[in-house]
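After this come two complexes, each holding chain A, first together with chain B and then together with chain C.
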Partner chain A sequence: MNRTVALWLAVGWVGFALLPWYAIEDGFWSFVWLDGFPTDADYAPGIVQAMGHGRLWFLPIGLALVAPFAVLWRDKTTPSFAFVLQAAGIFGLAYTVVQGFAIGIQGWEYGFLVTLFGEFGDRQFGMGYGALLTSAAFLFLLTRGMAARGIVKGDVFVVGSIGGVISLVVAFIVFPISRILVSAVQDNDENYAPALFFGKFLSTKIWGIDCLTSNVGCGVAWNSLVMGILVGAGTAALGLAFALVATRTGFRAKKLLRVLTVLPIITPPFVIGLAVILLFGRSGAISTFLEWSWGIEPSRWIYGLPGIWFAQMLAFTPIAFLVMIGVVEGVSPSMEEAALTLRADNWKTFTTVTLPLMRPGLANAFLIGFIESIADFGNPLVLGGNYDVLSTEIFFAIVGAQNDQGQAAVLAIVLLSFTLSAFYAQRRWLGQKSYATVTGKGDSGVHILLPKRLKWLVFGTVLPWSVLTAIIYCMIMFGGFVKTWGFDHSLTLMHYIEAFSVTTSEFGLVWSGAAWNSFWTTLEIAAISAPLTAAMGLLTAYILVRQRFVGKDAFEFGTMLSFAIPGTVIGISYILAFNVPPLELTGTGVILVICFVFRNMPVGVRAGVAAMSQIDENLDEASLTLGANSFLTLRKVVLPLLRPAIVAALVFSFVRAMTAISAVIFLVSAEYDMATSYIIGRVENGDFGLAISYSSVLIVVMLSAILVIQLVVGKRQLGRRDPEQFSAQRSAA
Partner chain B sequence: MKQRIGHTFLAAAALAAFTLPGTASAAGKMTLYCSPQIEWCQLVVKEFEKATGIKVAMTRKSSGETFAQIKAERKNPKGDVWWGGTGDPHLQAAEEGLTVMYKSPMLGKLHPWSQKQAAQAGHKTVGIYMGALGFGYNTELLKKKGLPEPKCWKDLTKPAYKGEVQIANPNSSGTSYTTLATMVQLMGEKGGFDWWKALHKNINQYTKSGSAPIKAAARGETTIGIVFLHDVVTQAIKGFPIKAVAPCEGTGYEIGSMSIIKGGRNPDSAKKWVDWALSPAAQKLMPQAKAYQVPSNASVAPPPEAPKVDQIKLIDYDFGKYGSSAERKRLLSKWDNEVKSLPR
Partner chain C sequence: MTVESKAAAVRFDNVTKAYGDVVAVRELCFTVEAGKLVTLLGPSGCGKTTTLRLIAGLEMATTGAVFIGDEDVTRLAATERDVSMVFQSYALFPHMTVMENVAYGLKISRLPKDEVESKANEGLALVGLAGYGERLPSELSGGQQQRVAVARALVLEPQVLLFDEPLSNLDAKLRRRVRDEIRELQQNLGLTSVYVTHDQEEALAVSDRIIVMNEAIIAQEGTPRDLYEWPADKFVADFIGDANLISGEIVDINGETARVAFGGVELVLPHRDMSKGEVGVAIRPNAVKVSTEPIDGPSINGTIGKAAYLGGHMEYTIETAVGQLFVITTDVLHPVVRDAAVHIGFANHGVSIVGNDVEPTHDDGK
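== the complex of A and B ==
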């Protein structure tokens, strides 16, 4: 008996014959269905739906679940084994999906089905546990069949993972995004109008180059592109500088430095923007000081590209740092030592050996910085001045006075084409070279110290930047304790009391503060989505780096899609896709988790890809040769070497789930309100005190969460000598 | 294409249990999409629950966001009532058939401007408050720069104010679109656009959000901001050196509205909400929620801090014409081509 087939058959039959096929309206964990089960039409499993409620269209699903029994006891090498499993899997899956889309809450979903078959007498709601388990069973029966045919060396685990990840990416990224991109070729009443698309796409608002010749602004596409490149390059360079200081110098306050670099990602973006205005704005502290001391007329120079660039550098450098640090640590000292032995000096070694080996890190850091920058919405909104960019235009195309979803889709397509180009540019730059430096061979060297010139350059950038970050954060924290930030600086605790007061009543503690509700929800959703995101991201990275299969490039781009698109577009596309059957998820907590997992997964993927391209494949092969399967290899060999990437993915996804704004605005509901949507409401109303005190609390929570994550995941052991001990020896000699 | 959601769900369960949605009380339940500031939303929900026993699930989003959401959800609506927020998107929702007609018995008790707007929308929306357009300036900055006090719309186009005025981009903000439509009605289409072209030279930034200009003025980032007067009052009450001006030529206004969403699951509760929200009991709550607009129920006096309506010359704003999407599209694209594209 084939164990994999038996397992998935069992899962499939449990889903089809035991659990309610449709979603339970009262929530996923509601057990009201036990009452009236299994006969009630709302709660019946698929097989009862078919037999007892005249929903005969369920019968083919049952047939597809019977077929695999025919090969259950066959040897996996017999041709019929693969054939039957693949046929049953494909048919079952396709049929389940098609019936789900075809029959909706008002009968036939599509007009042509009505003309073809006449009005449909029945209807169905969103899919529930039964449908999900059955579909999962079909998928993995299919991948088992494919593995039996020898695809990807016949590795059951790898084929299953690829199948699973692809299906999830299709269901939660490609499907919703295509729902909104379609509107690019539709008019406002959803009629097909391709001419409209070209009119909008070629508009001078997007591509105008007037700024070269006059003081009229350029097209938003150019603005976004310039901003993205400047921020991508800037964050990659600064991230590298921070990573070098943290790993290759004897700098004493490294711990503090790390905290400072992490702070900005855990801050809702508008807070940074506001702090920048309070410092550099026309009436900002520094501008006022300059006017008082040097008589410099205060101006609005910060509004526009300089302001956006500055705020985004603050916000996105930490992500670049998180990606870079694993890579900088991973560069093998033996190669550097070899260069030194060959009489290269420190500088030459660094520029010709170390730096080229860091290319995957630099490229991935640039890519993330670029994508984050052009998709960022908060900073351009606060600091953009008249420098319009794609992301803000997209937001206001959807929610602004013109309310033109098609326009938003067109702009999103422009944005996506930039992402795609950046993605391919990165691939070309990395080329086919090998960056493997973690080889498992004797590698107990110590990294060279930085060349003098570079050291001063790195310190010269990192220290002022850190001081600036520290000042900005002191200002932000201070803002929560004063009456009106930037105006009335009398100290008060009123904002904290309003948000986080706890009173006692006869029933015990009452969480009476206005923020508690959204605070707990946020914490819960973030805690659930972070590990899922990291797992999905790293599994995907493993597939991308270590496995070869047809359509890999398209797949890799697919995983980046949700990250590259501004949150607003994601939010609307999730409503369009998941507000109606077959997957009806709006208003639940699940949709928030899913949104975060798939939106933040790309960072896990990027960090994982960067780190994994340094790990020599021979390590995997050694493990496989010794008889471990690929799952065991992933768990025992690859994962422990990926600890920095795991930390990066966990931290990023946890933090993003707590600070993301634009996607969430459309997905929160009364039961599942998120901290950021509460904060943004306060900001819209100008209540910065409350918004900032809430943000400060979130920052503290996130900092502690990051510490916990680092403690739990731990550091990776690369078997190198202790650098401090080494430098002691060196100075003694 | 939903194969492994099961796994996601199970893993989610292992980490924390999702709470069940609250069970409905006997009096019923409803879902409210609320667009004004959160204090106001929370206050009206609390008072409505007290008055009727109906349990309200409320989400707050800005009016543009709510409109986008209702539009995206139209095949399977999740909300029952959309309460508050500027009238334009409510009118658009009515035009697109996203909301349903309901004539509240309270209708006769409302100010004429509210009744007129409701009639123009085929009673698919109804006004709950009114806010007049105007501008505000930072008194300290004005003094420091030695600028004269602006009193009229025309004053704002004087060269003295170059680089000192902010207004939102009408393409993104309803407030600014109201300004555009007001100028066209006040000065005729040609005169209105000439005013905008002259103003364009003085603008230091077209903001995205409608109320951003006055917040920038409050913090001294600009001298003058063109916004709704109640937004000016809000900043002044916070203590910023901001003064409100009702322009001498007269001005347009917005009507904050509410609509019943088509296909909502609790239509009876929705009607009860509308009746209650137009009642004096509900509209008297405004000052408590720091809302300084004029209530639509004629028997409720406006909050003392509110701009004095009898001192403002209001134009006869044509919501039927300027609320329609065709006219909006035409004016906005004309503005883009003739005003925004000019050099400064």
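== the complex of A and C ==
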């Protein structure tokens, strides 16, 4: 008997014959269905639906679950084994999905089905446990059949993993995004309306260039592009300056600069915007000071492009810094020494050798800054004023008075095409043009110091900027202790009490503060999604680094894609895709978890790819030839060696889930409100005190989480393992 | 309890492995008899490592069939084949002790705990590392790590044991010792072993039989002596030991032998199924006699181009009518100086007819 086939057949039958086929309205973990099970039409499993409720369209699914019994005892090398499993798997999966889409809440979902088959007397809701288990069973029976044909060296676990990852990416990235495309060419009653699409797509609201000739604002697409380019260029330049100070000067407080790199990870991006308002807003600290000392009338100049640019520069420069440190250190010292021996002075060496070698790195930093900037939602929301950009317009199209899904979809397509072009350029163009000069051979040279004039220029930029950053973070930390910013600067704890008070009553502790609800939800969702994200990311990384198969390039592109999809686009696409059967998820906590897992997956993938490329592939192969299958190999050999990467992926996805706002703001519900969307809501009501004190609490929580974990992991690494030996083994190969 | 052998034969039946358009090995047919050590020898990129990985199941054949014993394993994954491998980089798990490394495969096979322990100890003793169990691989020298890798593969009593250039990370002196140890172990335990190397001396020293590969196909297979003395073509002649490759002509065939003419002399050599006409002649450097005096028998004239004294022997480069000849003599007491005119004679041994084309002949694997 084949164990894998038996296992998935059992799972399939449990899903089809034992568990409720449809989703339970009261939530994924609710057990109300036990009452009235298994005959109640809402809670009945598939087989009962077919026999007892006349839902005969379930019968073919049962048929596809019977077929694999024919080969259960067959040897896996017989051709019929692979054939039957693949046929049953493909048919079952396709049929389950098609029936889910075809029959909806109002019977047939599509007009042509009505004309083809006549009106349909029944209807169905979203899929539940039963449908999910059955689909999973079909998927893995299919991959088992493919493995039997020798695909990916006949490795059952790897083929199954690839199938699983592809299915999930299709379901939660490709499908929602394609729903945007569909929505864009529909009117709000879901009729096909291409003319409407072109009207919206070409409207002056998006592409207008009136601002060049008159006083009217330009189209939002131009606004986003201008903002992205300015921020990309600014962060790349500033990042380079920081990197040069950190690596090429005798600057003493280098360690302090490194702290900068942690900041963007733990700061929700809009918090910077908030602090900027507290400084430069009409009642901001600096504005007030200028009025007092020079009599300059405070104005709203900060609201608009200057403010957004300034806030995003503060928020994203550390990311560019992180990129540029690698680039600057990657320039081989011996290249520079060669130039020096060829009679170039420091200045000539820097401009003719060092800088040209860093060109691809600069372009990379620019593109990352560009993508981050136009995808950013929080800063334009709090600082935008009349300067409309794509990411916020998408939001207002759907939550505002207009509630125009088509308009939101069109805007999303424009935004998506910008980010995807940048992402594509980054991968194709830079991927081939990297001047990585680190060779892995010992390079004992010493980097040249910066030429004098450049040094002063760099310090002149970096030091004031650092001071500014420090002030901004002081504002965030202490702004919450002031009664009303700009008017009444008396110290108070009232904002903290309002948000985080705990009172005792006859029932024990009562979390009476206004923030507790969203705070606990945030922690819970982040804690659930972090291990899932890490697992998904590392499994994908394992497949990418260690396996070769047809279509791997497309697979890699698909898994990294969500990095380039702005959060607002994900948010709107999730609403469009998961509001109706077969997957009804909006308003649940599950959709938040799923959103985080697939938004943050690229982080885990990258951490995993970087770490796994350090581990000699022969280690895996040795384990395989010693009789361990690839699952055991992954568990006993690869994962133990990956421990630091696992922790990094865990921390990253946890923290990113806590700081995310753009996608989340579409997906939160009264029951599942997240900290960031709660804070944004307070900001819109002008309640800065509570917003800023909540933000500072979030930052402190995340910072301590990171520190604790680094302390624990750092100790472990110092133990008996010698990280050097991995690289030694690698270079010996 | 002892480490035993369940040696089985390995058979390749028309195996081809292609990566897209690139063919790594083409239509391979060969058999490795049970209990023998066969070496896959060839320059880098010839397909020898791919062949080894095809046996292990780390690569899957594009077409053709692989047999271990009587079983067709073509579609079986590495995990499911009873084969272990010693890797070039040793591939010792750095997070496990020596003992955990050696016991890894035994534990995976779900052997009882005491058996795992005794077999692992047995394996370590076999390679002379008893008492090193608690160390980490990083705490051992290169040679010791190598032996741990061998022990780890041995204790599973595989049907076939594979070695992928196991000595290339060791220094020259250690290489010879470990080489002899591996051969001794293999012979004592009667293991079927397939050994990959690009070092022809190593191949000659350890093998029962050698399969020489070039450009994805088998150039020649045979015992070490066969290959050295009767290379099938110019490639094999040049790859195994040095050889001067010149062109000659078969003027007459008589029974097993042929008369071959080159540079005005005629030698009688085994014809090796060549027909009359142009052929190649491979002359080993030590099969050439050099003398300033006239020599008995067929000889040609030459001029010494370079002469080097290497302690144990002399090396000459001699310009002749048939081209440059590279010559080694053990006569270090009477060196011939540069530019001297010499007579050149040929030994009975070490001169052979090879195919004229550089394209190796296809070997059908018998």
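Note that in this section the second predicted complex is superposed on the first by the 417 of 733 C-alpha atoms of A that agree within 3 Å, B and C clash if a C-alpha of one lies under 4 Å from a C-alpha of the other, contacts with A are read in each partner's own complex, and residues count from 1 in each chain.
Keep this in mind: a contact is a pair of C-beta atoms (placed from the backbone, for glycine too) under 8 Å apart; a residue touches a chain by one contact, two chains touch by 3 or more.
Remember, it's a predicted structure, so these values are computed and weren't measured experimentally.
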Looking at the overlay, what does A:524 touch: chain B (first), chain C (second), both, or neither?
first
Touching A:308 in the superposition: chain B (first), chain C (second), both, neither?
neither
Quick check on the superposed pair: does A:632 touch chain B, chain C, both, or neither? Answer first, second, both or neither.
second
Taking the superposition on A as described, I'd like to know which of chain B and chain C A:154 touches: first, second, both or neither.
second
When the two structures are overlaid on chain A, which partner does A:196 contact: first (chain B), second (chain C), both, or neither?
neither
Per the contact definition in the header, classify A:674: touching chain B only (first), chain C only (second), both, or neither.
neither
Once chain A of both complexes is superposed, is A:138 in touch with chain B (first), chain C (second), both, or neither?
first
According to the contact criterion defined above, which of chain B and chain C contacts more residues of chain A?
B
In the complex with chain A, residue positions of chain B that touch it
1-9, 11-13, 15-22, 31, 37-38, 42, 57-62, 64-65, 67-69, 71-73, 75-76, 78, 88-89, 92, 141, 163, 169-174, 176-177, 204-206, 208-209, 211, 215, 218-222, 234-235, 238-240, 325, 328-329, 332, 336, 341-344
Sites on chain A touched by chain B in the complex
15, 26-30, 93, 97, 105, 127, 129, 131-133, 135-136, 138-140, 163-164, 167-168, 170-171, 175, 188, 205, 214-216, 277-278, 281-283, 300, 303, 381, 384-386, 392, 395-396, 398-403, 405, 484, 486-488, 514, 524, 527-528, 531-532, 572, 575-576, 579-580, 582-584, 586-590, 593-594, 597, 665-666, 668-671, 673, 677-678, 681-682, 684-686
Residues of chain C touching chain A in their complex?
56-60, 72, 75-79, 81, 83-85, 87-95, 104-105, 108-109, 136-138, 149, 152-153, 156, 162, 169
For a test of understanding, state which residues of chain A touch chain C in their complex under the given definition.
77, 148-150, 153-155, 616, 618-619, 621-630, 632, 636-637, 640-641, 720-722, 725-726, 729, 732-733
